[in-house]
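Before we start, here is the structure in question, set down as structure tokens.
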Amino acid sequence: MIFQPPALALLLALSLNALLMAVAGVFAVRLLRHWNPALASERQIALERQSYLVSSLAGLSLLVSLPALALFVYTAERMAPFFTGAMCAVGSLNANAWGWPALIGLLIYFFIATAWLSLHHLDRLGWDYPLIRAKYRLLLLLAPGAVVVASLGWLYFLNLHPEVITSCCGSLFGAQSESVAAEVASLPAAQSMAVFVVTLAVTLLVGGVHLVTGRLGRLYGLLSMVSLLVSLSAIVAFISLYIYEHPNHHCPFCLLQTEHGYAGWLLYPPLFLAAASGMGVALSTASAGKDSLKTLGPMQARRLAWVSVLGFGVFGLLVAGYILRSNLVLIGA
Amino acid sequence: MIELSSVDKTYNAGKANEYRAGRGVDLRIKPGRVTALRGPSGSGKTTLLGLIGGLTRPSSGRVRLDGRDISALPERFLTELRRATFGFVFQQFQLIRGLSVLENVMLPAAPTGEPHRQVVERAMDLLGQLDLADRADTPCQRLSGGEAQRVAIARALINDPPILIADEPTAHLDSALSLQILAILGELRAQGRTLIVSSHDPLVFDAGLVEHIVDLRDGRVVAEQ
Amino acid sequence: MRAWIERQRCLIDFSVANLGRRKARNLGLLGAYILLVFLLASVVLYGDALRREARLLLADAPDIVVQRLSAGRHDLIAADRLDALRALRGVRRADGRLWGYHYDPTLAANTTLQVPLVNPPGPGETVLGATLARARGLNPGDTLALRGDDGAIRAFRITGLLSSASELVSADLMLVNEADYRAFFGIPAGFYTDLALTVGNPAEAGKIAEKILTRQPGSRVILKDEMRRTYDAVFNWRQGLLLTFLGTVLAAFALLAWDKASGLSAEERREIGILKAIGWETGDVMRMKFWEGALLSTCAFLAGYVLAYLHVFHGGGALFEPILKGWSVLYPKFTLTPQIDLMQLASLFFLSVLPYTAATLAPVWRAATLDPDEVMRE
């Protein structure tokens, strides 16, 4: 066990989060069983009150999960010197079997929590609790999710042994490795750049169409998820190379270090924001099927679409900026 | 127009201290008039005021406001509707100690998101109308009974509601002050507001202000004039 | 958006008024809160600063140290091994080091005698670590007399003090020249305490160490990297131990916050009832309470952090010094370089504000869901 203050803070945050969400989960089960807005029974009033507690719990959870994600990556970075062979977060994450599942779990949890919050927001707009069942069903996924993420976090930190010799980004993204990550990294730069540019352009285009006509909201949601995955692979495949100015350094985490001008801290937030609100666009569009959200749903979709399109736009511009400023030449020349 | 149809209200249902404060109430309240609920204490006046004003949800039956059923509205919307429609004056003034008169008057506007300056202007205006302009900064625990009741009225009017609900508005005041308050209520009526009061004070009924009297006993409407 | 801002502004106004109206009670909670942040922040700031300091010091340490083991114990090493080591590919420099401990009965502490590789003091002269000089009340020009291993008393004239920048390690250090050292400890020429290697490429240090072990079995090879890891691990462990201990303080604080938030006075219940009756909904009351908590947390966090900063970087971390730095009798008295980093702040925030928020959430909710008609029913 490594007693780093950020690690302790992270474990505390994840555990508290799991506890709170477990409470919320119990409420969710009760609410799904007994909810009936036609009644003004004392139980119905009590359930309505409990929904305030549950939404605060979920809101707090989202508020925790985002900094927790940052803190997790940061802790992994900071622990790297403990492990022989580790130079950055990748090495620390490889130090046992739980590192990657914990990180990916936290990332997925963050997106589900965001989805929950946008459902909640929509539900509050309608006067007849239009999405309350959908919302609480999703919570039944979120609550165990919080427990899983916390457990993964504990497993990871409890099973860290400094004497372990780990392999770092060089081997994970290196040519001789056979992992998915290595395959992504070994994609030819020109090809992956083309895929990246086309995906981002199509997403922005569909976003524009949605903003003008209010249509294609669901497609946009799908595309923004695709864009997130494509962008993450693009970071590994070629964006990182330009930033490091090194033709073989593919790591998505070293970007977060001082030596590289904290590029990662600039790139990741707009990307995640754009993807999360893109998902909200799809949910809001879909919610227009409910009577009480017929006009409010699309309005919300539009608002989120602005945020999302701006996010992807900023991300695209940043990437272009880094590539143009870089002294590395991968294509042509 | 407010309509109550077969409204029941039971507190602590199924428990030893179960208490039925409203039984099968049918009532229509027309806009622009002064309605008074009359009856001895414990007859359900206050509960009925709460039901009319959306503070209390009926255990069964329907409450309609301008044709819209408000009994099953989510709390958020019910509160919003209530804020826009009703102003409340409670029996014991119910001002918040430690806050100034002005701050107390502005409280109901806080959740509306209206610009602060606009609310201050309107509050000062109301206080002026009620002869309280010079008391704006006074902490409200230093007010006399008559002043406190006028502050409570100003607070009830801050969101400019069409309907004012007053629970025993003269209960804690002597005759002179009671008449003063009744005069204010008369003015509000003249402005076109709907007034709904509860009282067992003969002064209220003798003042010639009330147009519609509802007699209550044990949670039931026993007579209407 | 504008309405939202106006609403928050009104709620904040009301929260501020509320905090002010219940001063005695809130001050108590604020005091406990500040103390908590102060303790946590002190440990984190102090530990991090020490770790950084140690790393700076290690920057000057040799890449590889070779020691001879005899029956598993560290023994003197023959000087003739130096040539073999110099011959290894990748080794840029190899020097013999002389150092050792002398138990000083007056201080009841160990002094480290060392022969510097460059600029050794003249015969009969010494340069002292500032802490040691302070402990013995010595100044440059004074004479320090010590009993050597042969029982003879030797006097050293102090020609200078070591600068403070390196005090963590140099605290108990006494530099002497080679001849004095050998005479003092009775170590024959041709032997060293250990050997220090500098390598061309630090990344090759591991490979070179392997080679040394195969060619010179019975030696112990210590890598700078390993030393850094050990240092880090020790500091982390101690810091973590303290933080875990502070976990109980944290739990106590969370209980206090929970208790304060759930023990609503009749007056407060009445006020919340009024607010709900005049048109606030549950969410508005919760937001108002949230702002109260946020204001309290921000004040406590800032005050606690600033106090901890002063404590660590200007007060020398007096409270935690003995635990974090070790139990050496001669405490180095050095000033740490102030440094704040964002993630450290984030961790502290997680460790203090999050438990507070979590502890108060349920009581706040309970208070906010009072019946709006309660005021009328009293």
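For this structure, a couple of remarks:
Should a chain be cited, it is by its letter among A, B and C, assigned in written order, with residues numbered from 1 in that chain.
Simple rule for what comes next: contacts are C-beta pairs under 8 Å (C-beta built on N, C-alpha and C of every residue); 3 or more make two chains touch, one makes a residue touch a chain.
It should be emphasised that the depicted structure is a prediction, and the values quoted were computed from it without experimental measurement.
For the pairs B-C and A-B, the larger set of C-beta contacts lies at B-C.
Of all the chains shown, the one with its CA centroid nearest the global CA centroid is A. Spacing of chain A relative to chain C, judged by their CA centroids, is 33 angstrom. Centroids built from CA atoms put chain C at 63 Å from chain B.
The geometric centre of chain A is 50 Å away from that of chain B, both derived from CA atoms. Residues of chain C in contact with at least two other chains: 282-283. Counting partner chains per residue, chain B has residues 75-76 touching two or more of them. Residue ranges on chain B touching chain C, taken from their complex, read 46-47, 49-50, 55-56, 75-76, 79-80, 82-83, 88, 90-92, 94-99, 103, 106-116, 155-156, 159, 167.
Across the complex, chain C is touched by residues 1-6, 8-10, 12-13, 16, 19-20, 49, 52-53, 56-57, 60, 64, 67-68, 70-71, 74, 78, 81-82, 84, 162 of chain A. For chain A in complex with chain B, the residues that touch the partner chain are 37-42, 45, 48, 124, 127-129.
Partner chain A is touched in their complex by these residues of chain C: 43-44, 47-48, 225, 228-229, 232-233, 236-237, 239-241, 243-244, 282-283, 286, 343-344, 346-351, 354-355, 357-358, 361-362, 365, 368-369. Residues 13, 57-60, 71-77 of chain B are the ones that touch chain A when the two sit in their complex.
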